[in-house]
Structure formats: structure tokens, C-alpha cells
Amino acid sequence: MQRFSEIVDRYRVLFFDSYGVLKNSKGLLDGVPEALADLRDRGKRLYVITNDSSRPPHKLAKAFEHPVYGPLIHPDHIISSGLLATRFLTRKINSGTVAYLGKDDSAHYIRAAGLRAKPVAECEHEEVSAIVLLDDEGFEWSSDLNSAVNIARRGPIPIIVANADLAYPVDGHRIAVAIGALGGMMERLLGRKFIYFGKPDTSMFSYAWAQVQALEPEVTKGDILMVGDTLETDILGANKFGLDTALVLSGNTRPEDAQRAIMSTGIVPDHVCASIVD
Amino acid sequence: MQRFSEIVDRYRVLFFDSYGVLKNSKGLLDGVPEALADLRDRGKRLYVITNDSSRPPHKLAKAFEHPVYGPLIHPDHIISSGLLATRFLTRKINSGTVAYLGKDDSAHYIRAAGLRAKPVAECEHEEVSAIVLLDDEGFEWSSDLNSAVNIARRGPIPIIVANADLAYPVDGHRIAVAIGALGGMMERLLGRKFIYFGKPDTSMFSYAWAQVQALEPEVTKGDILMVGDTLETDILGANKFGLDTALVLSGNTRPEDAQRAIMSTGIVPDHVCASIVD
Amino acid sequence: MQRFSEIVDRYRVLFFDSYGVLKNSKGLLDGVPEALADLRDRGKRLYVITNDSSRPPHKLAKAFEHPVYGPLIHPDHIISSGLLATRFLTRKINSGTVAYLGKDDSAHYIRAAGLRAKPVAECEHEEVSAIVLLDDEGFEWSSDLNSAVNIARRGPIPIIVANADLAYPVDGHRIAVAIGALGGMMERLLGRKFIYFGKPDTSMFSYAWAQVQALEPEVTKGDILMVGDTLETDILGANKFGLDTALVLSGNTRPEDAQRAIMSTGIVPDHVCASIVD
Amino acid sequence: MQRFSEIVDRYRVLFFDSYGVLKNSKGLLDGVPEALADLRDRGKRLYVITNDSSRPPHKLAKAFEHPVYGPLIHPDHIISSGLLATRFLTRKINSGTVAYLGKDDSAHYIRAAGLRAKPVAECEHEEVSAIVLLDDEGFEWSSDLNSAVNIARRGPIPIIVANADLAYPVDGHRIAVAIGALGGMMERLLGRKFIYFGKPDTSMFSYAWAQVQALEPEVTKGDILMVGDTLETDILGANKFGLDTALVLSGNTRPEDAQRAIMSTGIVPDHVCASIVD
């Protein structure tokens, strides 16, 4: 174990997972605003790399605004898996309606590709050119999952899952089924492969790296540290992309499980810290 | 391909899958009442082996009552995967509440084990000793799947899935997500194994065989023919149990796909027929 | 935790898993001969339910012969998954050559079905009607797994895996890849389903139960106790079949892991004992 | 369907899969040398993106040397999944021995990271810091897969699979088990996740893209076309990375299967061509 404040010196850019590292569903974790403000003041560039595609980046950024310290993460530094869905749709889909599962806020990632987006529930008579699974909220699961399955059967329609997570924590004890789990279920039922974006897929990290290269041209990969609470997504993906990684024990991985989890998965972070407030 | 009427002579007992062989969601398939009545008049014993655990056997039997030919399948001859759930609960669960997903009719299979059954939605403060997934209808998917996941996390609670099917046909074109798919999703999310009953699990066939032995002691396994429309469930399970099998092309497996499906799965029925009306 | 000697009184028939319960690769575990002899003297019927299909039952029985106590398990009481393969082949395969992976001793289970058995390596120009995976030893993995894959591609040839285990212990520390793992690999590569026998598949238990019914007609299912060291195979399969189960901690499940394993799998044995020598 | 010669005009850089597009195990496909020479003469930059990590890039390049047309693909333009293994090892492993499965030629990718490489067979008493699966040839499967499994159990040793392919074609009819299938088998047996490189993982494409950016700074992603014969690896990975794709029907995907494969997978190439010689 190391103290986070001691390991950050050697890095210029910090990639943070959101839940379990910076915040939970109640808000920013204790001490996080001060810690982020301090890093910002020390000239570190702060990014959030998140599988949350429930709303546009500027709305996701609001979660990091503090009454005293101000905006702690710039909207351009929020890398949501939704952005990768936008990029894919931009290049690959040219017409028709894109059907989605999620709230209207999440449809931002479809409209940002210049395409017409409609909830699955409204696509019975639409010419659907792609289906995007964005968020577990905002639709009626029973009717709309069945509708999505049957729309998918119409033809070679690409189905994009913009968040591969199976579950997310609601509070200290409860978890909720995430859209990635619903996508996996549909995938097996239909017997075909969907297109997943989001950690640990390395395209999240190459997208973020391209953004860093555009904004901070002199930064090298060795200047970046990925900080996450989940070995199988945050740490594995960043390790594969060639970034240094730090596992924090303030979220999904509890202190008493860390050794065994690293041991059994073989996913080895470069650093292990109690939290970023350390 | 063979004519069903020509192959049935050598068998005394017929095990039928229900959907795609005898009925669809609109009712009995054309010619099926006459065909079943004829088999019954010829002294054949008729059973239905079904993964449908949505209501008690006597209610499932109603689907086979005909205004002219009368009751075509006796309730004691309806072998539902729900019966295997009942047997498991009888032996293994002695107290507490059994939480279920499904309609009240499906809870029959829990109450038949002498246990208190409550919908998952009402189990927030119950001492839950088992969870049973019985039917995709009768509950609110979003809230109750999340509740079920969190109840499961309380302890070593066995979770029984009384219907392993991933989907079922709604009409000629549309399919619906079945409770087995929802169970599979929960299983992966929780990272633990559930207990599945239903074809192709051989316990369905050994349960049916025990019933036949009790009712028709002189019958041997070689006197039984399993008739199904799905290779991976009906035919595989019966083949493994040592029964002769007939694949009919009136349901899930369409005539143009039959050769390729048998070829690619290596699941080989003893007979292939267009339908039981043949 | 309970003492095994205290729980066995209520049972008349004992089903034992072999490895980790009665023996390891060096021989019978300490105290097991005495324990088995004592149970035998008390009139208990002793069976072994094993996924080991490497040699005929009478040869498997030799492992349970003791210089002082004599033969402890009768060959007719050794239920090997190979016997289920024999039964399947008897009913379903009528001609041609059955290609196998394993030692010549394992081919017993094919010849017992009245069929010609040849190692995969000798089947380049044979008319192969089925492939059976029996044992991880006795063939050259690289050449023969490749040959088996290509034989499988010739047509709708059923592929039977007579031992679903992924690994087996070689000694206290080392494990070895079992034929079930090789079968799983071939299955995914070919994109088709194989036919597996062996625990936890309930057909193992129904086969054993049929044998008990033939030999001890007055025994009921409630008189049987399944004793195993692995939750996911021994305990799950027997629980599903409706038998009482005892988990022993002398093999795969170590004492310090038992609580967590039961907790996380939801597979609950009726009894937990240190070993059968207790 | 389109003619390859008609679609290439708009692209400046061509990424080719190797097997089934440019060559088979006998050598370059008919007409390929002329086609590549023509593209080269027209100023197109030619790269090979391959999951083949059996030998160093300069040796892989030899397969593309032609007696008349000379070297058709430059060694610096061969992007092998082995290179991603090298990059990972460089950043993440600092000491100890790296154990590998494969021929000595494949160990290049470990030594290129400045690490000591030894075949798994020689690592019984080595301090192993990582295991890399490079090639299906060059080792004795039975003994060395078992050794690799037991080395893996020693601790949190990362296990890298430098080729995710399950099988590869040996000739027009036969296929062979690839190292990716052996890795998958070990992964399931050990119950832990390995680190896979190779298509469709987007890190292959971002690595290639970084190489293109270094060599041809004015090229944009839109100037690149990925040409492959397999939807699930070549086309899916490139589509996800944001590149245009062309499926050729000279390898894994036969003309009569193309429509159905695209239909059922939902993986849609931008172009479909008979071959690159068209």
C-alpha cells in the first residue's frame, strides 16, 4: 500500500474512474473536493473516464462542481463511453432512426452524431438503422426489452451497448442492474454479438489519450496515471493500453479483499492506495 | 423425413413438448386435437413435458381441453419444470419465506411444497430462505429484478430457475424474453450459480419416467418417444436420458433449417417429421 | 459442522465421490479403509459416483481393495460417467467406428455398447459415427485434438464427453487438465454443443438410483446420502436430484473456504463434515 | 458487392489481415503479388494487421517477399499482436523470468521487452513473473499446458495471450487449434481472466494507427481501409476503432455465407468484395 499523495508527483495527467473513486450516488466522497482542488492547483490535468452514458458530458460534469472549489472537472475532460458510441454512429450509420434504451438525456450521444434518436418504445413503425443501449433508467423494462429484441430480429442492425458494466452501487449495500447486464442478456438470447464500448475496452483509453494529445501535446503515456476501484475494468483496460494504474480501496474493492482479488485475477495495479484522499 | 403416423406405432407412451408441437399462443395447432384424440383412442399414453411453470398442472391442462374431443391431456400427465422446483423445495427448504418472480398462479409450485410464498416485491423485510424464478409475467421487471438481486446478496440463499428457456414465441414472428434469460442475467451479475430445472436437464425426464413407472409399471424406456421442436432442449435432453426422439418442424426448427441445425449441433433425433399431424 | 459418524445412522445407502473423499492419487486417504469397513459391517450399502471414465468399473474397484479389509466397494456399485456414455451409445449409435480420446482401458465404455472403438489417431480413413472423450491420458494432445476437431467437422457426429471435470488434483498442490476442459475447448472452437455426462448432470444420479432400486428395492431416496468434496458437482447434482448431501472438507473444499464457498454459490449441503473419518 | 480495385482509390493506407486475404499456408494467394505491387506503385501504404505472433516481424515479412516484385510489405508495417505483448511487458514486468508457450522464434516478443524468456517446460524452478502464450507449436501440449496451469497457480502472475484466435485454417479443409483456444481453456479452468491482445481488441488498431501517424503524419483515420476475411475479428475491431472496412470472401467467410453472417452478427462492413484481386 502507498499513500496517494506520494505517488501522484510523478504524473502530470490523472484519469479517474468516477464511482467508488470520486463519488457515490449521494455525492462526492469525503475529502475528494479538497484533494481534487489541490491536484488542480499543483498543475495536474484531471480527467474522468466513465462508463456512465446517462447524460451529456456537460451534465456529468455538474457532479464535480463544488460550492467552494468551483468546477473541479472540465466537461471536455469527461470521457464517457457514450462518446465512443457517438464516434461509431458518426462513421457507420448514415440514415434511418436510431432506437435507444435510456432517458432522453442519454439520447444526446445519438443526436451528437447527427442522427434521429427515438426511444425503442416509439420505433414499432420506424426504419431502425441501429439500436443503442445507454442507460438502465428511462424506459419500461418488460415491454421495451421485448420490443428491442424484436426490432433486432428485423435485420443486420448493429446493436451498441454504451456501458458494459453489469451492475452499479446504489449505496453502501445495494447494487442495481446496469444496462450492460441487460445487453448481455439480449445478446445471448439473440445469439449474436453486440458492440460494447466502455472500460475495460481499450478504445476508451485511446479516445482519452487522443484527447490528451490534442490538449496537452507534450504529455507522454508515462505521464498518465489511471486511478480506479475495479480491477476487471479500470485497471485491466489501462494496463493493456500501457498506462500506469492505481487501485483505490474506497469503492468496489474493499481492503480485506484486495490481496485475494489481485492474486486470483492476475490483474496487477502499479500502486494500491486506500483512497485519493490519502 | 418420416410420417409421424407411421413411426408412432412402435411406442406406447408419447412425451410431447407443448409450444411448437401441440400449440402456439393462439391455441392448439391445426389438426392437433384430432391427432391427439386418435392416439388416445389407440391406447397411447400422452404426456406433456414442458418448461412452462406459469400455472399449476391442472390449469396448464386446460389448454388441451377440446369442445368436441374433451380433455386430451390428463393433469397428472403434465410434467412442468415447476414440479421439479416443488420437489427441490420440499426436500431442501424447511422454513422462512420463499420469494418468487411470476404471477400468483405460478406460486402454486412453492405452496405445493408447504412453504409460504411471497412476490419478491413484498419481501423487503421477510426472512427469505429461497428465491424462485417462475414466470416472466406478473411483476415489474425493473424494480423486482433489482430487489431480487439484493435479496440474493443477503446470504447463501438458493436461487431456483424453474424455466431455463431464454425466449418463447409470441406469434409467428415475435418472441419474448423468458424467465430463464432473466435468471441467466442475474447469475452472471451476481457471479454465482443458480439451480435450473427444465429441459434439457435430465431431471425433467427422470421425473416424467418415474411418473410413467408409477402409472404404467409394464412400460420400458424403449416404449417412450419424446416429440419436440427444439434440438437443444427437447431432443438433447431426451437423447441423454436414453429415450427415442422425434423432431417436428412445426415450431422452432423450420424445415429449411433442419438439416443445418442437426449438422451443426450434432444433436441427432431418431426421427424427423413435418408435424404430429402427418 | 457435524461428525460424519453421527449423521450416517439415518441413511442406508451412501454415495461417495472418489477423489478428495475416499482417495487421492497416492491411494486411499488415512482412516478411510477402516471407516468404509465399519460402514459395511453396519449394513450400509456403499457406492462410488465418479466422473472417472479412464477404465472399466472392475478396474476402478481395485483402488478400493484393501489387504486387510478386502474389497470395500463392489464393482457393480461403481457408477462411472462412462456407463452413461455406454447407455447413450447403445441406444443412439448403431454402426460405424466410434473414435475416442483416452487410453485403451477407457475404450471399454464404447465396446460395452457393442461398437468398434478406435483411437482418434487411427480414424483418418474410418467412417466415424461418434467421438467420445474419455480420459486426458493415452493420446498425443497436439495431433489428436486437431484430428478430433477435423473429424467432428465431417458431419453431424455426436461428440460425447464422459467426464465434465475441468481439472483434477495430482497431489496436494498440483492439478492437471482433465478431459472435460479439452472438450470445452473443442466445443467453443467448433461452435456447437457436445453431450456431457458426469456430475453435476442429474443423469448420473438417476442412473445410480436405478441401480439402487434394482439391488435394494425397499430403499427410498430419503435413505440415500451423497458425500462429496465439491459443491458445484457432487452437492449441486445430488441436491437437484432430491438426495441429502454432505460436504466433506478433505478434498477440493478446504475448511477455511467452506463458509465463503457455500455463501457465494448458494449451493447448500445438508451436512458439513471434516471428513468421512470422523 | 463491389470490386476491390474500384473502392481502394479513396484510401491512402491499407490494413490487411494476412490469412484468407493475402495468403494461406501454401503461400500468397493467386494474383496477390501483382495486386499488392500495383497498390504500392500507386502510392498506397500497405500494412499487415495480424494475430500471428509466431515469429518476429522481419520474419513474418518474408512471407511477402516475391521473386519478381520484391518485398511487398515492409517489416515496420507488420503489426503483430506480439508487439502489443512486448509493449505490455515493457511497462509492467521488470524482473524475473517470463515463461512462454511457443517456438523460440516467438520468444522474440518477450526478449524485445528486455526480459529473460524461457519455455514453460524449463521454468519448474524459475521465478516466473509472467506467462505469455505465443504460438500453438514448439511445445508438448500435454506436459506444458499442465505445467503452465500450475505455474499460474503460484501467485498473481499476469498471463498474456498474444493471439486470441481460436483456430486457423491449415488448408482448404482442415483447421488447427490456435493458442487462443488453449488460453481460453486455461482461463476457464483457473477461474481467472487472462490478458488478450489481437483483433478484435481495439488496441491492435490503435497501435497500428500510432505507427501510421509516426510514419505518415498527414494521414487521417478516414484515409485508412481495413481489409479482412473475418467479421468477428477484422471487421468488428476496425469498425469499433472508427476505420472503414472491407470484407473479402477469399478466406473464412465464403460467398454463400456472407449475407447470413452479416445478418446474424450485425457486424456490417462498409464494403464487400470477392477478393483483393478484383
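Chains: A, B, C and D, in written order; residue numbering restarts at 1 for each.
The rule is simple: contacts are C-beta pairs under 8 Å (C-beta built on N, C-alpha and C of every residue); 3 or more make two chains touch, one makes a residue touch a chain.
Just so you know, these numbers come straight off a predicted model, no measurement behind them.
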* Least hop count linking chain C to chain D through chains in contact -> 1
* **Same or different residue numbers at the chain A/chain B copy interface, by half rule** => same
* Structure fact -> Averaging C-alpha coordinates per chain, one finds the centres of chain B and chain C separated by a number of Å equal to 28
* **Mean-CA-position distance for chain B and chain A (Å)** => 40
* Asked: Between chain B and chain D, what is the separation of their C-alpha centroids in Å?
  -> 45
* Structure fact -> Check: chain A positions touching at least 2 other chains come out as none
* Select the category (line, ring, star, complete, other) that matches the graph of chains linked by touching. => ring
* Structure fact -> Chain pairs satisfying touch are A-B, A-D, B-C, C-D
* Over in the complex, which chain C residues touch chain B? Could you list them? => 84, 87-88, 91-92, 152, 155-159, 191-195, 197, 201-203, 206, 232, 236, 239-242, 244, 262-268, 270
* Please give the residue numbers of chain D that touch chain C in the complex, ascending. => 136, 140-142, 145-146, 149-150, 153, 166-167, 173-177, 181-182, 184-186, 188-189
